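What follows is a single structure, written as structure tokens, with notes after it.
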């Protein structure tokens, strides 16, 4: 939530709310109850938990404090479905979310309907703009969980030797190789960050000045074709390309290709939400960690961009591309800076100058994660389009790979 | 499978088969698909896996080798649902059984029906007695998994803070305290083990001689009342009562009462398949490890019996009691040596003299586990009655507690 | 300490004491202070700790309670140098013994001299036979630590890529292959265990009856030549030969040969206390776990003997062989049942019938370890000869390999 | 090594070399051989290893490539004493440095003398300026290891319940409480980083522009008195003050005070290189992690400075204070921004714009650590004074505490 955001009108908030809630239901529609139980690692959560947690968010932060007549269907859900909001009370162990068989999927759907009706009721009465602003925040929160829901599902299903498909397979278009080009930027004293108009998360502001030396940034992300060249050049076996922590992680987890890749009959295959498919050479590489992205950039004689470079380079391009809305659910060849894959930057996730999180539990949304993680920009094929703005910052630990994570090269301007 | 067992007639085998298969279905009937996904630790398996694995057993060891026309609905199930039979091929990782959402519960039920029909067909044609013997083995195998299914389910559900019930709660009968008495036995050169008449597992034979000094054995198991006295006397805090490995495990896992117990409003409560209930003082104590049982016996100035002592003391009592067939699914006050809880003996699970496992994968059934585990005797409220014989040996690691595990005291005869 | 042992005369105890204490010093003489700090795993202790702990044993159990004028040089040593005697008070963490640089080696030697002088004084005055019996126990305790001292040192030095020698290298004699033969025994109702004459540990008694079926036992231990045949036949890669727990451990620790073996220029080499040396084909195989020994026996169509079989087979042979006293410190070709290597039996370490540990901390000596471990018989090239009797039982966990551990085959008598 | 550094003259380099080498020897002089073996965690190394590794650095990077007649006393030392230079070949496992008893301390001293003589010889001949520059780098490298040597020793000795002293205890001066004041800075477009004059590490450059908003920085570090107020206010128990990763670490390691603190008779004590001492209220707090420092600053309504803020605030103050040279080896009350304790900044350790590490193994010095770590500024009581420049950046992981780590507050300028 941005420090000084103009609250939406109640009817706008209600419309957004209905749309987002329906989209989450649609994402879960193809799943059997068994599928919604999968939790394959602590970082990932079961689909059923995402359904309930996003609902709890509205209940906890809007209905309980602001709706006098609201009654929860089960007060114990507050314990089960809080994720990490310390100020909202104790919560169930994160690594045991897959052990909650009850409430089952029908009961969780009832819980959603119950909260939806109460929110409809509350917003229908108009009410204060603070509520509409919180509903908007809850909708953006739920959009983030839509992205997690599908990527967590991919991770969960990937442990099944039958390699089941979430959506029907469909051939990838055959495209031409796009040569790598770079565009120069003059740098200088620039302003980045959100200026408070329209919705944004707290961590996107305050807007502030920062100095950039002249730089160049690639016109397209690194592709699978590029990545295979790196692999064939021994990139995964050459310690001098890697950060020390990255090299150690590579060894512990036996990395020799992106996550979900394997070699079969002389070809590289990858597992996707549409099942197994041959690696498409011209699609952006995906499911690589920061450590791998950084090693690749070093091998390529380049570097990753900073988040400020990324923002100034692309903020004037329209935010459109292969997002969750397209339903592809996998990176496609071609495409601009937005969509397909998140792009690692070399910027650690730190507070912008004069950053202050909001008071209360909502202030835990981003601020307490501002250490050990790296910023990514751009959005992926699992990200709802409506979630993205030029100032949007997402962040992951440098070893993580299960999200739709790729990269784009940058370099210092040649003098 | 006993070394020299009389094979049942095909119609007997078929009748047993139908009965056992139907009982497994009945055990799963109250579960939602989500419940059948729970795997709360590597030692436990999801109910859906038990349904499929017991079916695979018949497919792998009978239908594939002996039924010419048999076709599996999915050959990949052999990988998913093999438990530990190395000679039957590679298998899915044991600790990831909870990540198999597909095949879902309906598909697993179809798999069962498919195999049931093929077995019906095969046995209906009569055929050789080897098949009937293997069917009988498969039925006993499935009965063991019935016991695991309900105890694994208890463990899985216990991680849910809502403490759901598998079966409806029902009050426990109020009973009188039964004073502890001991019965003497003369010992001498005795014979124990199975003699080959009727079904038995390989590890129950050969029947052999062993020497016993005179001993006394308690007339009833240790009760919850007894156990609370031990707890109140500081039994969990006195290292001198414990085996060294037990004391270390106690510390690592913070044991201060049996598994599933907690203190609430001045009373001890326990979680059962019928939901939370106050600890019944006169029911046998349950869910204690060997380490705890051994420490208790030392505190009580007694010891655990050997398995030979147990067998000669009780083999002439009819095998009847509170078994899975009763549907109580929790230990009840009163009762004889059979049923309610397994009773730890002080005997490590080792081969009887001249033991030879059968050839082939079936020989992996018991033999490869003959180290590091302790024998228990008697059967529990989760054990099918038909599974038990006086020579039956079950075995668990000394730290395990999730089965229905209790104890009975013994001591050397007073001279 | 046996339940009913005849105490030695004070002058006998004093003579034994002086001899044992001097031998320990001699073992440490070739070591630099740095060498005496090595602790390479929790199971092993630094040589300096062994020096101090054996001294503490005399101080704690004899001097403090029985010598009115005794003053310890540092009361805090009781915390540092207690091993596991709960009743003797709290103690330093076992896995951090290698982090105690002070007291240094000279100070530990002063501690030894201080205690030696006080014991000399106490025994010189005659005094009650209880003291002489405790001194005898302390000497046997110290002899056990002599064995640990050299085997722990071997383990510690083995982590040094320079592969340093504790004692000078010396070529092994070249010998003829000894064919494998078996000797039959009639079995029957036999008596085993210590009868109370002369020193023995508590766990060696009471002497008791046990039934043995007729059996055959090999005339020599399994040799390195035998073991290489097992390795070449794929013994380490064939799961059907292994106990389930053993197969898992083999995988976790990547076993493909005995501990300390490696392949170099087409030959097998092994690291010993006399430095690296080619594997001597006719020496007993050493540094194999129970799991490996059991798998070998299965591969060889035989089994391991029980400890009762071992005892009745060899108790009439004189206890003489390649012990610590010989100074070889490695198994040599040839030799009888005693010395060279401990021989794994198939018997878990359990109490003999009617076993009662003594009262007090001394009762912790053996009793609390009677679970999860297996008995070995015979003694090794690191064992002091004076420590061994026909009834002597040592015990280790089935995965342990750092002691001088080998095996001998047995089989059921052919009818 | 700075990108464009003026090489020292050979006689300057030789003088520095002799001085640094002698200081290392002096640091080890009070230690027994046993003390030099201590390795209490993977992050710390034994003193003997530091002695040898710093020597290997000169051998590997100067003598082997540049001194034609040089012969190593043992070529295997290159394996034992390489720390992390992948390009210099394979190396011994970092967590097993404490298991290298041989070469012993005398042999390591001989190794030092051997290398010293060869360096003397090489520099005495004059030779090319590249050698003098490498010697200078080696001396700075050795100064870093002097700091590690004493802090690793503190950690190692702290595991000894006897709490031995490295240097004699000496009372701390009693001082007056210094009130907390802040000094404002105008910020703006500033330049930071090393400009290439005199020695600097590669990561200190290139000098570059950066934008700073106006800020205020505290006049003194946070003291123990301050810290106790934080503790008494429940700072260690209030999750809302902590970064999420910090809160998790706090729980795993049971932090409730700085490392080496304990409560005794109503007072806080701390373990130091001069033995146990009461916590001096006006000395800077030490041995706190980044997580703790960050939580403290939040509690105090302030924040940590960025490294650019720190540099511009203090770069004009003379670099003088309580460094290793003083021999105090513990933070003292009073003092300026330099010395006593390193001060955590909120800046992740990242490359400065246009940073390029040098070619070859020397390029691994800093560059490969530029992820997951935080920058500290100022130097500590364990840092050699000659090692520090205003641009000096040290870095540690946010959970680490064994170095002399403290903090200073900053805040945004009040408008």
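Should a chain be cited, it is by its letter among A, B, C and D, assigned in written order, with residues numbered from 1 in that chain.
Heads up, the rule we're going with is that a residue touches a chain if its C-beta (ideal position, glycine included) is under 8 Å from a C-beta of that chain, and two chains touch if they have at least 3 such contacts.
What you are looking at is a predicted structure, and each value in this text was computed from that prediction instead of being measured.
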Mutual neighbours - chains that touch subunit B and subunit C alike:
none
Rounded Å distance between subunit C and subunit D, as computed from the means of their C-alpha atoms
46
Computed distance of Cα centres, subunit D from subunit B, in Å
59
Go ahead and note the Å separation of the Cα centroids belonging to subunit A and subunit D.
37
By the touch definition above, subunit B meets two or more other chains at residues none
Touch relationships between chains, expressed as pairs:
A-B, A-D, B-C, C-D
Enumerate the contact residues on subunit B facing subunit A in the complex.
32-38, 40, 48, 76, 79-80, 92, 96, 98-105, 156-157, 159-162, 164
Residue numbers of subunit A touching subunit D in their complex, please.
84, 86-87, 189, 208-211, 213, 239-240, 242-247, 290-291, 294, 346-348, 350-351, 353-354, 364, 368-372, 374, 398, 412
